[in-house]
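Both complexes shown next keep subunit A, but they swap its partner, so subunit B is in the first and subunit C is in the second.
And now, the complex of A and B:
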């Protein structure tokens, strides 16, 4: 536990030094501001670029559009940025040789993996928190319509999906040498989950719905209980992947 | 102009955060002139002109070892 604590602190300091924290906070803050603004301005912009005399009925934007932007941006660009920023987290230390000293001095390998995962989770949580709070604030300011429900739960689902992908990233960094290899494996897992969506029998279990069906939750078209099985599976997946990562990393030659 | 006046509570924080990110990246580009690829003349316009994505690309792909 002590090893974990020390290494976790070192990871957090490193995130500040390598500007990981700054990147994640500013990018997620930017999303937070952009989401409500895009929702508000899109109809106006469309109207401006339409040819003279053409009339189409544009729906009045609501808080739902703002949150739709949130879930679109954070699941796509947001997760990509987070995965990119963390992709080299283990590979760089192995190639630079900085880990060898620590490990020969008795730092446990479990501590390396768990502390790295915990640091990733901490930064991802901060990003999601900043982005959702800023989106929420501006959405209330622009669209005080009260049409959006289950916000905390919907954001939690997205957060858990991110945690699942990060666990996947940690596991894949123990399998391959390069940071790009781990990204490719993680990307392949997302593609695989997308393919699984085709089979109706798998759908109610697929963790992917945690990142794709959030708007149905906010618009109250789906019951929160719909997410129980994916949540359970994603949580199990996180634990299993981290345990597997520890097992593989213990046997790895550095 | 009208739009700027109406939506300044959005544009001011956006510009401020973009500015912080760009300046941090610019300082790093100038202080650590060994990059994984590219040159100083390549990275300066990238971090200053490509909003948000430029500095991220620099820190993820371009920065050399300290």
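And now, the complex of A and C:
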């Protein structure tokens, strides 16, 4: 446990000094501000750019639109940024040889993997927290309509999906040498999960719904219980992938 | 007492058999030069010793403990300096040593004391900028500091001097020489003058095996050819000496270059005394009389042929 603690501290310091933390917090803060604003301004903008004399009935924006923006941005740009920022977290240390000094001092390889995953989770959590808090505050201010429900749970689902992808990223970085390789594998997994959505029998289990059906949860079109199986599976997946990453990394010749 | 013992070590990368039954023993408190051509397997051997690579066959024992790949128990006796040590560029030297000390499990006070000691040993006590701005030589010196942090009984350095300028090289060699007696040093190199400067034992690796090992004195004795170099006052005097019938015997070869002669004696009853007797009988005082020692370089080229 001690090695985990030491290496986790090192990872956090690295995130601060290499501006990883700054990048993630800035981007997620910007999402937070943009989400409600985009929802509020889109109808006005559309109306401005419409040809003269043309009239469309635009629905009045609500808090639902704001949260729709949140889930769209964070699941797409947000996750991509996080994966990009972390893609080299292990590959760089191996190719540059920075781990050699520490491993030969007895640093356990489990600690390397688990501390890196924990640091990724910490930054991802901070990003989600910042973005959702800002979105929430601004949305309540702009659209005090009370139409959005299950917010905490919906955000948690998205967070868990991110945690699952990060576990996938950690595992794939132990398999391939380059940071691009691990990104490609992680991308392939997302594509694979998307393909699985076609099969109705798989759908209720697919962790992908944690990132795609959040608005149904907020609009109360889906019961929270719908997510029980994907949550269980994603959680198991995280544990399994990290354990596998440790097993593979232990055997790796550096 | 041997700090490090290697027995029957084999390692292949694909079809490339790098180590083919390497046997080696490093006695404690020696400075051990591990010599070999580029690609001879020096780095591979060292990486197996510190548990970064897995041996195909054979055993490595450090301070009586067998090294098992994937376990780092034996590593507490070892300090390792890789050929190009890499650090986290965003850290400062003290922060880096602190990280290393925490991983090695040293108490915080000990880490601070050791860091100061070592930074002054390697001449980095006044440097507080980030490691990303360090030169190669500074990184190499910080590398030695991190390797010595846990007071290891064995310091393994992989070509610590090969990428440095003459000043940097001198500094590293001085540091290694200064820890002699406290720590056993095993260092690989292909720069023979470095070995001559600080090592008391050497081992030459070639074709995956040791082809030569022992103290430098022993080796030179073993390989000493019965050769002598004599310089005379003039070329005429040298020529006169060559023409003596005593030097015409079988087993004596003489080569003249100006006023100098190189004489090799191969016969059983001939040794240097005979030359001295001859000089004395002829009342010749040479300007120089020298028993020719084989240089490390000539030995090296001879054994790795």
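We adopt the following convention: the second predicted complex is superposed on the first by the 254 of 254 C-alpha atoms of A that agree within 3 Å, B and C clash if a C-alpha of one lies under 4 Å from a C-alpha of the other, contacts with A are read in each partner's own complex, and residues count from 1 in each chain.
What we mean here is this: contacts are C-beta pairs under 8 Å (C-beta built on N, C-alpha and C of every residue); 3 or more make two chains touch, one makes a residue touch a chain.
Note that the coordinates shown come from a computational prediction; the quantities given were computed from them, not determined experimentally.
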Mind working out whether A:190 is in touch with subunit B, subunit C, both or neither, as first, second, both or neither? neither
With both complexes superposed on chain A, which partner does A:254 reach: first (subunit B), second (subunit C), both or neither? second
Using the touch definition from the top, say if A:10 reaches subunit B (first), subunit C (second), both or neither.
-> second
- Query: Looking at the overlay, does A:133 come into contact with subunit B only (first), subunit C only (second), both, or neither?
  - Reply: neither
- Task: Have a look at where A:121 lands relative to subunit B and subunit C in the superposition and call it first, second, both or neither.
- Result: neither
### Task
Would you sort A:244 into first (subunit B), second (subunit C), both or neither based on which partner it touches?
neither
Under the stated touch criterion, which partner chain does A:107 make contact with: subunit B (first), subunit C (second), both, or neither? second
### Task
Quick one: classify A:29 as touching subunit B (first), subunit C (second), both or neither.
first
When the two structures are overlaid on chain A, which partner does A:96 contact: first (subunit B), second (subunit C), both, or neither? both
Subunit A positions within both the subunit B interface and the subunit C interface are 18, 96
The answer for subunit B against subunit A in the complex is residues 7, 9-10, 13-14, 17-18, 20-21, 24-25, 28, 52, 55-56, 59-60, 65
So, in the complex, the side of subunit A touching subunit C is made of residues 2-3, 6-7, 10, 13-14, 17-18, 96-98, 100-109, 250-251, 253-254
Residue set of subunit A touching subunit B in the complex reads 18-20, 22-23, 26-27, 29-30, 33-34, 36-37, 41, 81, 84-85, 87, 96, 138, 141
The subunit C residues in contact with subunit A across the complex are 50-54, 70, 72-73, 75-76, 78, 80, 82, 84-88, 90-91, 99-100, 102-105, 143, 146-147, 149-150
